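Below are two complexes that have chain A in common, paired first with chain B and then with chain C.
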Partner chain A sequence: MVDFDWPWQYKFPPFFTIQPNIETFKKQLEAWCSLVLDYQRHIKQYTLDVTEAQNSELFYNKQLNRRLSLEAIYVVLDELKRRGNLEWKDKSKKSCTLIWRTPAEWGKIIYNWICSRAMNNTVCTLFELSDGEDSEGQEFHGLDKEILIRALKSLESEGKAEFMVFDGSEGVKFF
Partner chain B sequence: MDRFSWCDGGLYPDESRVVEKSGVAVYDGQDKTAFTNGIAILTTHRLMWRDQKNRNCVISLPLSNISSLDEQPSGFTKSAKIIVHLTPAVPGRPPGPVTYSCHNFIRLSFRELGQREFLQYMKEEIQKKKWEAETAPIPSASNSGGSSNLLPRQRAGIMGIERSIQQRNKETNKNISQAFQDLRNLMEKAKEMVTLSKTIATKIKDKQGEITEDETVKFKSYLLSMGIPNPVTKETHGTGDKYYSELAKELSSVLAKQIQETGGMMTLTDVYCRVNRARGMELLSPEDLLHACQLMEMLRLPLRLRTFDSGVSVLQTQSQNEEEIVTQTSQLVQDKGPMTAEQLAQRLGLPVVLARERLLLTEKLGGLCRDETIEGLKFYPNLFLTQA
Partner chain C sequence: MSRRPAGIAAIKNKNLAQAKYKDKGSELAESQFVQMGQQMEMFKNNLEDFAAKHREDIRKDPEFRLQFQEMCASIGVDPLASSKGFWAKMLGVGDFYYELGIQIVEVCLATSKRNGGLISIEDLRRKVEASRGRNSQQISIDDLLQSIKKLKILGNGFSVHKVGNSFLVQSIPGELTLDHTVVLQQAQEHGHVTLSGLIQTLNWEESRGKRALDFLVKECLGWVDDQSGAERSYWFPSLIPDFTTTLT
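On to the complex of A and B.
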């Protein structure tokens, strides 16, 4: 895996202290939000466990010996939630799903791939899409099932696909 | 037995307790006395005996009255005893339990043993003669005082206590009046000093032409550091607004230069100290100072009172505006790298509170950002705003 290209803020110690100046804070928060999303995209992770994340390199810069406090992490995550890039999995806010690409965007990518392979009017299983050999190397390879379903649902609402459930297994038909 | 006197059981200032033994009876020569069951206490100065039941019944015998000691071993029905041979009674001793006794020795009967140890300690203490060492350092000057210090202690009862309190009161009174006498001298001298500085001030005015400008300036600066020649007081300028406004003028004329020199800002505490030092005798109260400072803006004086968000109050020159501070501070941090309030204080020669205020102000206006760790609060150039 290619090393993640950390933004300059990550090497800037004040980045890890919530700034009292509101203007400064806005910039800081923005930088954190994009860092979290970029990082998650880089490691291809959709879920984030807050307790684990506390000690991950995302929030803890070992070189600087600076870490973002739990309180501050929640500030960042709440902001992401406000922007629609995050959904809490539970009420206690222990873990969350990060949506660094909206389901509609995902849907588009998948649909483009299907078109390019001329697989219209065929039925695929969800497993084929996310873990199949054919989709290897594609961005949505290894996509979280939940997000995949949402992406397909959004395609369905556009009339480009039909989501099907038979015998407990799920499939999709593209038009 | 007539060498014994009553006492309150307390120790003299230099005295210390050596050993105690309970179950001791005192014999006047061969005869039994009323002091049959008590605690014998040996101190560096005295031999004391305290009744086991009635703890207020204490008698004491100065060790200086003891000429020699003997031991009498225990017999079949007799307990072991120490025979204490005494020197002749000194006339004029404090009252004791027995006014006259034909015996020249007493005996201490140890019913619970331990007489050998006690005897050993007694011999040691008598040899050391601590009581002599104690009287030696007090020279003849306080011979009367020394004895009057000791005597009331030996007096038992309420009378004794009252008398010692009286004695103490008298001494305090004397000390206080002495202290004030010194102060009066000082005040007379101070008046002279003030008149002297006044005459010098008028001389300068008169001779403006004769001495060179340089000298005048020098002289004036001396005067300034010496004090304020005609301080504004409530006597000279009345009370109320007039007083405060005059005071404000005085403050601004005295402090303007000094504040300029210390970076354009001075905490109110420093102002208070400096002004009062300069005024010498006519001290200001903190309230008066604050009132006067509050009037400065109204009077359009070159100084201003300013209170930071943290509650720190400072006097600052009018020219010291916020923008200048902010640009200065952020420039400094940019050039010299991240710094704490202490580092900035050192660099600018400011008090730490003021350095901190500067940093916080600059941060408030977006010039700096903070890095808060367990090591402290450090300020960095605000790259969030300046770097894309």
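On to the complex of A and C.
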């Protein structure tokens, strides 16, 4: 995997301290939000566990010996939630789903891929889509199942696909 | 001996002589003027020849440009004073500095999000050169300073502060006092500053150091770090070299 291209702020020690100046803080928050989304996209992770993340390189720069406090992490995550880029999985806010691409955008990408392979009117399983050999190298390869279902549902609402459940497994037919 | 008042003839003679002196004087002045005019003409021609001959050098070579600037300054000619003068026509230097000025403004605006409107001259040079494309001529620090001087005509938006042996270009309104630049200089040497550090090295009163630091934070120039030990430290993005080639 290509190394993640950390922004300059990540190597700037004060980035890990909430800034007292409101203007500077806004810039800081903005930078943290994009960093979290970019990083999650880079490592292809859709779920973020707050306790784990606290010690991950995302929020803890070992080289600088600087870490973002739990309180500050919640400030960033709440801002992402406000922007619609995050959804809490539980009420206690222990883990969340990061939405760095909306379900509709994912749906579009998947649909384009289906069309390019002339797989319209065929049925595929969800596993084939997200983990099949054919989809390897595609952006949606390895997509979180929950997000995949939402993407397909959004295609369904556009009349481009039909979501179906048979014998306990889930599949989708594209039109 | 009896004194006699001057005779009419003597007075006439004197007046005549005075008139002659006057004539001669203006004659001399006129010939001097003509001579001066000729000299000026010659000088201008030579300078034009020189400029035309070394046009390429002046445009291409920052070192040469600096020397040409200095030569012009020492004889009281400002090749940048007017974009319509023969200088601009001869050299395109007028355009050169105006163009540069616009690029400087662009870079300063684009990077102000990161640095709060204060950029080191080296970063500015790197970014301006990047925005001009690979094949354009080199830009020297002096070119930037010249250009920024011209930007002052537009108001007090731009100022240059000498910090250590480098310069910081300020593109936001707000007065940086000597105290502030001294703090920046300290930060440049050590990467960051602390209040007690300032008190120690500069022999400042605590309130003086606090005021300077609070101002720099208030102006979005300084960031605070609370994880560097017992004391809060202050950092300045403008002093961290920015090697990215994109504008933002």
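By definition in this document, the second predicted complex is superposed on the first by the 175 of 175 C-alpha atoms of A that agree within 3 Å, B and C clash if a C-alpha of one lies under 4 Å from a C-alpha of the other, contacts with A are read in each partner's own complex, and residues count from 1 in each chain.
Everything below uses one rule, namely that a contact is a pair of C-beta atoms (placed from the backbone, for glycine too) under 8 Å apart; a residue touches a chain by one contact, two chains touch by 3 or more.
Source: prediction; values computed, not measured.
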Using the overlay on chain A, decide if chain B and chain C clash or can fit next to each other.
clash
Which superposed partner A:T24 touches (first chain B, second chain C, both, neither):
both
With both complexes superposed on chain A, which partner does A:T122 reach: first (chain B), second (chain C), both or neither?
neither
Between chain B and chain C, whom does A:F16 touch in the aligned arrangement: first, second, both, or neither?
both
By the touch definition at the top of the document, which applies to A:N55: first (chain B), second (chain C), both, or neither?
neither
Could you look at A:N112 and tell me whether it touches chain B, chain C, both or neither (first, second, both, neither)?
neither
Considering only the listed stretches 114-122, 132-140 or 150-158 of chain C, which one runs into chain B in the superposition?
114-122
Under the contact definition given at the top, report the residues of chain A touching chain B in one complex and chain C in the other.
8, 12-14, 16-17, 19-21, 23-24, 27-28, 66
So, in the complex, the side of chain B touching chain A is made of residues 338, 363-366, 369-373, 378, 380, 382-385, 387
For chain C, which residues count as touching chain A in their complex?
113-114, 116, 192, 217-218, 220, 223-228, 233, 235, 237, 240, 242, 244
In the complex formed with chain C, which residues of chain A make contact?
8, 12-17, 19-21, 23-24, 27-28, 65-67
Report the residues of chain A in contact with chain B in the complex, numbered from low to high.
8-9, 12-14, 16-17, 19-21, 23-24, 27-28, 31, 66
